[in-house]
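Next come two complexes built around subunit A: one with subunit B, the other with subunit C.
Coming up: the complex of A and B.
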C-alpha cells in the first residue's frame, strides 16, 4: 500500500507541471479586420501586439482581409455557421442576428459602460432587438464643408450653422460660374437623407404599413421641389460631372480641393484631406428647417463577437480592448480614428480648432440611422420610387408636377413595402 | 442489356471499359460538385425565403408567382435586357464578321492589326467601363468634343434615358475583336480552291462572299450567335460600374436586379428564382436557335 501511495505521489509530482502547462495554454482568438484610412495594417498589428503582451492567457490572431471580399467571406461563414471569426467588424445589419448578446458581459465589466459612448452612435449601432450586439468603434458623419477662398473670391458670406435649405440654394446661385465650370455646391446623393428628414419628410409610416401620406406628403413634395430648385440654379455638378470628374466615390472632395466646388457634403476623412492640403475651409451641419428636428447622416463601425465562438469571455476581452478607451485612444494617436468615446475624443488633436468644434457639434444631432435602422425596407421602397429622383435630377419634370408624380408612385411603393415587410418584418 | 454486353465482352474490352469509367471519375466528381449539386440547391433555395443567415423557410412557388404577377422590376429588367440583346447581338455578329474579313486580307503587318483588335477582348470589364465613361462624358468627353468640332451637339450618352442603352451597346461592340478572331479561324478553314474555281467561272467578290464564304462560315456564325446571345443576356458590369441601372431604369439589366436581390437585399430565395428563370430563358432561346439552324447552317460533311 505504501509503495502504491509513493508511486501515486511520484506520478502526481511528475504530472502536475504538465497539467499546469495545459491549464495555462493561451486561448487563441481569431480576429478578422480590414485596413482603412482610420487604421492601417501596421497600426492594427501594433495594437494586437500590445494586447497580446498584456494578456498572456489570450492571444489574438489577426487576419487582414481586403475590403472588397470582406462582405462575401463574412456572409458565407456566418451563414454556414462555422469558420467565422471570434471577433470581427459586423458592419452589415444582416449579420446582427449572428452577433453574441453582450449585455451580461458588459454589465459585469467595470471598464465598459454604455454611457461612456456617444449616445447617438450607441443607440443606432449596437442595440438590436433590445440586446447589445457589439461596441461602436470610431465615428463618422456628413457635413457641409465650404471653401473659404472661393467664398471670399465671390464676396459671399460664409454659411452660418443655423442656415436653411433656401440659404443653401441662394449661396449656390451666388457662387456658381457655369461658364468657367465653377460650381456653388453639390446635390444630395439621394432622397430621404438628412435634408429630407430636416424638412420633416419620411418615406413611409413609422409602423411600416403605408407610403400614402408620407411619400406624397407636403413635406416630401417640398423636399423634391427644393431639389428641383437646386438643379435649376445650374450651379451644381451633374451626375455625369461627378462620375467622371470626381474620383472619390464617397463625395466630391477632389473638386472641392481643386477650387471647382465651393460647398460639398463630405465626411471626416475628406476633412483630413483638406487639412493635409492646407485648404482654408469651414464646416456647418446640413441645412435645417426652423422648428424641425435637425438630422445628420452619421455612422460608426459595429464590432462584435460571433455568437458561435467557443471562447466568449476571451473574445469579449479583446473586443472591449479594441473598441474600448484603450484601443480607441491607440487608434486615434497612431492612426486617424475619431473615437466614439467623448472622454477619449477630448484628446483629439483637432478638438479645439474651429472645424473640430463644428464637427463635434454635428455628432450631437439626431441621426438619420435612428429611423433607418428601425425600417429595413427603406432601400427596397426607395428603389421602387427611384424614378422620382431621376426625373428631378434630369430636369425632365415640371416643378408643379411633382405632387402628381409622387401620388402616382404610391401604389408601387406600397407594393414594395408590403413585400419587404412580409419578408423582413417591420 | 448493359449486363449482357458486359458478359459477352472480351477481357480486354472489359478492362478498357473499367479504365474508361475510372478515368471519368474525376470529371464526374467535378461535374457533380460544381454543376449538378449547385443547380439542385439553387432550385431548392428558389422555393424558399432565405437571407443566408437563418435556415431557409419553405414557401413553395411564391417567389415565381410574385415574379410573374406582382413584380414590375422583374418585367422592367427583362424588357431592358431583351432590348439590349436585340440591339447589340446583330451589331456584334455583323461587325465581327466584317472585321474578320478585313483581318483576313493578305497584306503586310496583319498580325499586328489582329493583335490590336483582339486587345479589348482581354481587358477587364471594369477598366473598359471606366474608360468609356470618360470617353462619353457629355461635356468633357473625347467623343462629344470631337462631335462639337464637327458642329454636332453630342447626346448625354449614359446619363440620358434614351441614349443609355445604346451607349452600353456601343461599348459591347468595341469588344468585337474577340469574336472576329473566331470568325477568322472559320474563314481560314475555307478551302482556297473553291475561290480559285469561282474566279475561273467569273464570280465577282460579292458572289464569292455570298456563295462560298457565307455558306461555309455558317457553322462559325451559329456558334457565335449562341455564345454572343448568352453573353448579351449576362450584361452586368457596365450597369454596375457606370449607370447603376439608371437613368429612369433604362439600363436596369436582369443581372443587376439579380445582384441587388442576392447581395444587397440578401433575398437569396428570390434571387435564385430569378437566376433559374434567366437560365430557362437562355435555354429556350438556345433550343430555338438550334432548331432553326437545320435550315441555315451548312456542314461540309452533310
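Coming up: the complex of A and C.
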C-alpha cells in the first residue's frame, strides 16, 4: 500500500507540470487582413511574430486575403454568423453592427486613449451608435497630386495650396494636349465631395428635411457649372477613357505615372506608387472658393473585434497592439503605413519632405465625412439626381440650363430624401 | 459536223491539262483564302495574349504610354522573376492542380453512374428527380454560399480542400445532363446484347457504354479543368492558409488596395494560363469532336 502511495505521488508530481501546461494553453486569435501598398504580407507576418513572441498566452493566426475578395469573405462569414475572424478590418460600414462594443475595454486600458489619435478620425471612423466599435489604423486622404516634369515642360507654375477651382481649370487648359492624349487634370469622381463642399454646396438641409435651396442653390449651380467648364476644356480624360483604364479603379494613377495626366486627385497609396516610380511630384489640397471651409476626403481603416468572438479580451489585446502605438510604429517603420497617432507620426521619415508636409497639412482640414456621416441619406438622394451629373459629364446640356435642370430635380430629390429618412426611422 | 471541228486526242489532252491547271489554281486560291482568313482571325484572337506578353515586359510607366508600343523599349524579363519572388506562384499552381485532379476524379466517378441511371434505368420519380436536378443549375452559386459555408464550418471542414472537391463526387448537373443526352443516342441494342451475354448493369456501364462516351468525357475533363482552375470565389471563401491558395486567388494579390502592378500581374497571369493552353492544345481534337457531337456551342 505504501509503495502504491509513493508511486501515485511520484506520478502526480510528474503529471502536474503537464496539467499546468494544458491549463495554460494559449488562446488562438483568428485575424484577417489584406496585403496593400501600406503593409505587405511579410511586414504583417513579422508584426504577428513579434506579438506572439511577447504574448505566450495569446497566439495570433493571420489569414491574408486579397483586397479584391475580402468583402465577399467577410460578408459570407458575417452572414452565416459563424467562422468570422476574432479581429479584422471592418472597412464596410454595413459590418459595424457586427463589431464588438469596445467602450469598456478601452476605458480599462491605460495604453489606449481616444485623445491619442488624430482629431477627426476617431469620431468619423470608430464611433457607431454611441459605441466605440474599433480603432482607427493609419490615415488616408485624397489630394491633388501634380507631375512636376509635366508642369515644367509646359512652363506652367505649380499650384499653390490656396488655389481655386478656376485656377484648376486654367491649369488643365494650359497643360493639356489632346492630340497627344496628354491631359491636364482629371475630373471629380462624383458631386458633393470635397470640391463641391469647398464651393459651399450641400445636397440637402442639415436637418434632412429638404433639398430645396440646397441642391438648386447658387453654390450647387456654380459647382455643376464649374464641372461643365472643366469638361469644355477638352483637357481631361473622358469618362470612357477612365472607364476603360479604371477597371480596377486605377486609371488616374496609371496615366499620372505614364506622364499623360498632369494633375489627379489621388491618395497616399498612389503617392507610394509615385515614389517607387521616381516621379517628381507635389501635393496640394483640392481647390476651394475663397471664404469657404476647405474640406478633405480622408479616412482611416476601422479595425474591430467581431461580436461573436469567444475571446473578447484576448482579441482586444491583439487589436490594441495592432492599431495602437506599437503596431502602427512597426507598420510605419517596416512598411508604408502613415499612422493615425500623432506621437508616432512625428517619426514618419517623410514628415520633413515637401510632399510629407503637404500631406500632413491636408489631414488638418475639415473632413467630408463629418457631414456625410451625419447624413446617411446622401447616397440615396444622389442616385435620384444622378442625371445632372451624367448630362454635364457627357456634355449633353447647355451651361445656362443647369439651374433649370437642378430646379427640376428637386421634387425627385425631396421624395428620395423623405423615403430614406422614413426608412431609417427619422 | 465538219472534220476541222472534231476534237482530237491531243485537243482533249490539252484541255484536260488546262482544266487540271485551272482546278489546281482554284484549289490553291481557295486554300490561300481560307488560310488567310483563319490566320487573320487567329491574330485577332491572339492580340490579348500578345498584349499581355508585351505588358509583362514593360516598366510600369511604359504600359500606359501614348502611342502604345507593342515592343517594349527595354524588355524587363526580371518582371517574371520578381512576380515569382513576391508570391509563391509555383505553390499556388500546384495547389490548383491538386484541386483540378480531385474534381476531375470526382466528376468521372459520379457523373457516368448518375447519368446512366437517368438514361437507362427505370425507378420511381425518375422524371421528377431529373427535372429537380436540372433546376439546381438555375440557382446562382452566390445564393448557396452562406448555407454551404455554415455546413462546412460546423463540420470543421473549412480551411481544407474538402468543400472544394467533395461536391464533385456528387456530380455536376450540367455534366449529368450532357451525358444523359449522349447515352440516349447510344442504341439500347448494345446494352441488351451484352445483357443476353450475361453482363450486369455495372459491366454494361463500364465495358459497353463508357468506352462509347469518350467525346463527352473529354468535354467534362476540359471544362472541369477550366472551371476549377479559374474558380476564385470558392477557394477564397473556404481557405485561410496562404500556402493552400490556388493560382486564381494568388493572382489577386497583385491587385493592391489602390492600384495594380500590371506588369507583374500580366507576367504571373501569362504563366498561370500556360497549363490551360497546353491542355487545350493536346485535347482540342477530343474537345471539338465532343462539342460537335453534343451540339454545344458558346
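The working rule: the second predicted complex is superposed on the first by the 391 of 426 C-alpha atoms of A that agree within 3 Å, B and C clash if a C-alpha of one lies under 4 Å from a C-alpha of the other, contacts with A are read in each partner's own complex, and residues count from 1 in each chain.
Basically, a residue touches a chain if its C-beta (ideal position, glycine included) is under 8 Å from a C-beta of that chain, and two chains touch if they have at least 3 such contacts.
Just so you know, these numbers come straight off a predicted model, no measurement behind them.
One of subunit B and subunit C touches more residues of subunit A, and that partner is C. Contacts of A:240 after superposition on the shared chain: subunit B is touched, whereas subunit C is not. Once the two complexes are overlaid on the shared chain, A:415 sits against subunit B while remaining clear of subunit C. Judged by the touch definition given at the top, the superposed model places A:273 against subunit C, while subunit B stays out of reach. In the overlay built on the shared chain, the residue A:360 is in contact with neither subunit B nor subunit C. In the superposed model, A:79 lies in contact with both subunit B and subunit C.
In the superposition on chain A, contact is made by A:423 with subunit B only, not with subunit C. In the superposition on chain A, contact of A:379 is made with subunit B only, not with subunit C. In the superposed model, A:388 lies in contact with neither subunit B nor subunit C. In the superposition on chain A, A:97 makes contact with subunit B only, while subunit C stays out of contact range. Residue overlap on subunit A between the subunit B contacts of one complex and the subunit C contacts of the other covers 72, 76, 79, 181, 245.
Within the complex formed with subunit A, the residues of subunit C that make contact are 60-67, 87, 145-147, 149-150, 153-154, 158, 232-233, 236-237, 240-242, 249, 252-253, 255-260, 262. The part of subunit B that touches subunit A in the complex is made up of residues 49, 51-54, 66, 70, 72-73, 133-134, 137-141, 156, 158-161, 242, 246-249, 260, 263-267.
The touching residues of subunit A, when paired with subunit C in their complex, are 30, 34-38, 41, 63-69, 72-73, 76-77, 79-83, 180-182, 245, 248-250, 253-255, 257-260, 267, 269-270, 273, 277. Interface of subunit A with subunit B (complex): residues 71-72, 75-76, 78-79, 94-95, 97-98, 181, 238-241, 243-245, 379-380, 383-384, 386-387, 390-391, 393-394, 396, 412, 415, 419, 423.
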